[in-house]
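Report on the following structure.
Here the chain labels run A, B and C in written order, and each chain numbers its own residues starting at 1.
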Amino acid sequence: MINQEERNVKIAVEQLDFFYGQTHALNSISLDIKENEVFALIGPSGCGKSTFLRTLNRMNDLIPKTRVKGSVQIGGQDIYDPDVDVVQLRKSIGMVFQKPNPFPISIFDNVSYGPRAHGLKNKKELMGIVEESLRQAALWDEVKDRLNDNAMSLSGGQQQRLCIARVAAIKPEVILMDEPTSALDPGSTTKVEALINELKQNYTVVIVTHNMEQAARISDKTAFFLNGYVVETDETNQLFTNPKEKQTKDYITGKFG
Amino acid sequence: MKFQKERNNKSNIEEGIVKKVLFVMALTAITSLGLIAFFIFNEGMPFMIDYGIADFIFGTEWDPSNQVYGIFPMIVGSVIATLLAILIGAPIGIAVAVYLVEIAPPKVARIIRPAITLMEGIPSVIIGLFGMVVMLDVIRRLARGPLSEYLPAGYQTGYSVLAGAIILAIMILPTIISISADSIRAVPNEYKEAALALGSSKWQTIYKVVVPAAKSGVLAAVILGVGRAIGETMAIIMVVGNTVQIPEAGWEGIFAPVRTLTGNIALEMGYAGPEHRQALFATGIILFIFIIIINSITLVLRKKED
Amino acid sequence: MFKVKPNHMIKVKRNQIFAFTLLSLAAALTVLTLFAIVFYIMLNGFSVISMDFLFDEPRSMGTEGGVLPAILGTIYLVVLVMIIATPIGVGTAVYLNEYMPEGRFKKILRFATELLAGVPSIVFGMFGFIFFVIVLRDYTGGWSILSGALTGVIMILPVIIRASEEALRSVPDPLKEGSLALGTTRWYTIKKIVLPLALPGITTSLILSIGRVIGETAAFLLTLGGSLLFAQSIFDGGRTLALHLYLVAMETGDLQMAMGSGAVLIILILIINFAAAGLFKLLVRRFSV
């Protein structure tokens, strides 16, 4: 393992508050997420972990009547600065959703969707990106002969890996994952977890999970969310073996949640 | 800075243009509505005020060549035709909706549903023509045969408010059926199960639970039907005879030929001189007001249901 | 346990049978009325339909000859209306559904659309007459196919808007989010994901709107002018089949010839209804597995 301290901070969140209308969903969240790190967000449902994840690529902008306070810096730039273009931002911050959401078009078109949207037209280059991304998502061997098949014909696990490939194709710096395995069977889950381990070579990964074993297996650092607050952030081993806060301990020992 | 907005980014410029163009498109409907209201009121209102609103609405004589413009007979014609149409169409429409949702075997429902969609798409002139060739004949035979001694000669032509009402009933049936069926379908299954579990028969459940629960939707359907009926033009012109007169009070009245507000406009607009035209637009105002009131009631009722 | 009087049970049963019989009779009556209208007009109409009827000009006010100008008039009008109304209607639906934030103004726009949908066609006709035929006559040619088409556009706009909105709403949010999260603009997402997926619903609504234009008479009575001649341009007057049917029936009293037009009209409407249903199925199949 690389020494944690030597890495640069990729995402710096400071005093972040978030509101859905009158509801105060996130309370002064402060976190540092480092480059090439898998950072897990755990906590009971409704604790704000998914909301927090979606503040990192400003997906919450799509929900009416929401408000953000505080700052989120990615690569040293405040992403809530009025001068920021969310489209540019989201090109650098990929997102994988809870339920696989491939587009009902061919496998090839799914993976090449992002690069095409960003102006790449050359067939050969696109093919190169599609192959590379599908390889990164450990899906290439399964689909290489049927790239023109509709993506909906894939199994759930394959669909989710396709979504990961789709994100890899835009060559982001950060990949956000919102409970990516919650809709998958155990076999597919194992594959996706192995994949996440691979992905951190190239990307910073922030993953929301309600499965604590999963967080323990794949993440370097973990933050425990409760009622819109971050209760504790630590090295994953540390947090699971020796939590500092009583609430964290109660949660990881299954007393609630 | 890599997330910064780029002024000359092609896709951002496209996005900006598209958004503006779509916004302008989105204003078309409301602009049209505004223009319609403006032009109709602008053309008809000054005349109505000049002529005297009460004289115009309650005047019983319509004689454009002598500058006499009273539309009361047309109001009466429209109202009677509409009420009769609802009297015929509403019970049948609601019955079909109940049958379709609660009773019909799937095979039968698969025939009825597209039939009703098709019925909605049948042009009004076709229904009017059918009325002219078939219904007028039936009513004429009735009026000249068994009823001839009760009816004045002018009421025996077949052209009648009754013919108009039947035609309108046919035309509003699809509306009443589909909207009532929607609201009957929306009644939660638990209601029905609770009633059935208490030992009610299926009919008792429908009668005492399902229909009352769907009441506001069914009412909205009927009122929407009223709106359609009062605004309908072509089919009704073809069968009501278009005589400007107030029918006799009593059952004989339904055999009287009448003229409706809509018919008045459609029949005379083509050749009307300036003042006459203004009088026709004033007729349109009265119709427009009827429609606005009726539609607002429907919209409020449907909101309530949601 | 308490006893239910056997009489009462029988009465309940009898009421149910009676009620159900009445309800099924109502349904049967409705369907029979439809068939009666369709078949009566078709059977009678077929007796006057021939190649000459379809491809000849009308003579003696339409009591003799054919209906070709009316068929062409219908086609011109439908094409023109759809060319104008489709982008505006679908564009409005896209704006309302994909761009406009929830709020008062959106409610007002939706309410206006609902009100417009309830306006009777004769009122559209009056408006078209005063606005397009009279006020704008220097641009529209007065009574003309263009005046009729613009009136028709306003008339079917709410139909297209409502149906398109429904189709757009049926596109799953996760797909839109998936696309936006890849760093695409709204418009790119709409072009590549939302519109293709909403296409079946939108197409159906467009085809049904065509049906509405074909069947409409009152609005065109006051705007088309009813000319029996072949229209040379959109600035010329004309008549549609439905209008022709009305004018022949009411002004000449030749109901047989009117039924000929009626039969052609019904066939068009039937084709459109089946096309709408068929195309919907076809498109749905193309875009999902």
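What we mean here is this: a residue touches a chain if its C-beta (ideal position, glycine included) is under 8 Å from a C-beta of that chain, and two chains touch if they have at least 3 such contacts.
Everything quoted here is computed from the prediction, not taken from an experiment.
The most central chain, judged by the distance from its Cα centroid to the centroid of all protein Cα atoms shown, is C. Across the assembly, the chain pair joined by the most C-beta contact pairs is B-C.
Chain centre most remote from that of subunit B: A (centre = mean of CA atoms).
Rounded to a whole number, the gap between the C-alpha centres of subunit A and subunit C is 48 angstrom. Annotation: 55 Å between the Cα-based centres of subunit A and subunit B. Remark: subunit B and subunit C have CA centroids separated by 16 Å (rounded to whole angstrom).
In subunit B, the residues that touch at least two other chains are 11-12. Within subunit A, the positions touching two or more other chains are listed as 87-89, 92. Shared interface positions of subunit C, i.e. residues touching 2 or more other chains, are given as 185, 188. Residues of subunit B touching subunit A in their complex: 1-6, 9, 11-12.
Of all residues in subunit C, only 101-102, 172, 174-175, 177-185, 188, 192-193, 197, 287-289 touch subunit A in the complex they form. Residue ranges of subunit A in contact with subunit C, taken from their complex: 57, 59, 62, 64-65, 87-92, 94-95, 97, 99, 101-104, 113-114, 117-118, 150, 152-153, 163, 166-167, 170. Across the complex, subunit B is touched by residues 12-13, 15-16, 19-20, 22-24, 26-27, 29-31, 33-34, 36-38, 40-41, 44, 87-88, 91-92, 94-96, 99-100, 108-109, 111-116, 118-127, 129-131, 135, 154, 157-158, 161, 185-188, 208, 211-212, 214-218, 221-222, 242, 245-246, 249-250, 255, 258-259, 262, 265-266, 269-270, 272-273, 277 of subunit C. Every residue of subunit B that touches subunit C in the complex is listed here, in rising order: 11-12, 14-15, 18-19, 21-23, 25-30, 32-33, 35-36, 39-40, 43, 91-92, 95-96, 98-100, 103-104, 108, 111-112, 114-119, 121-130, 132-134, 170, 173, 177, 201-204, 206-207, 224, 227-228, 230-234, 237-238, 262, 265-266, 269-270, 280-281, 284, 287-288, 291-292, 294-295, 298-299.
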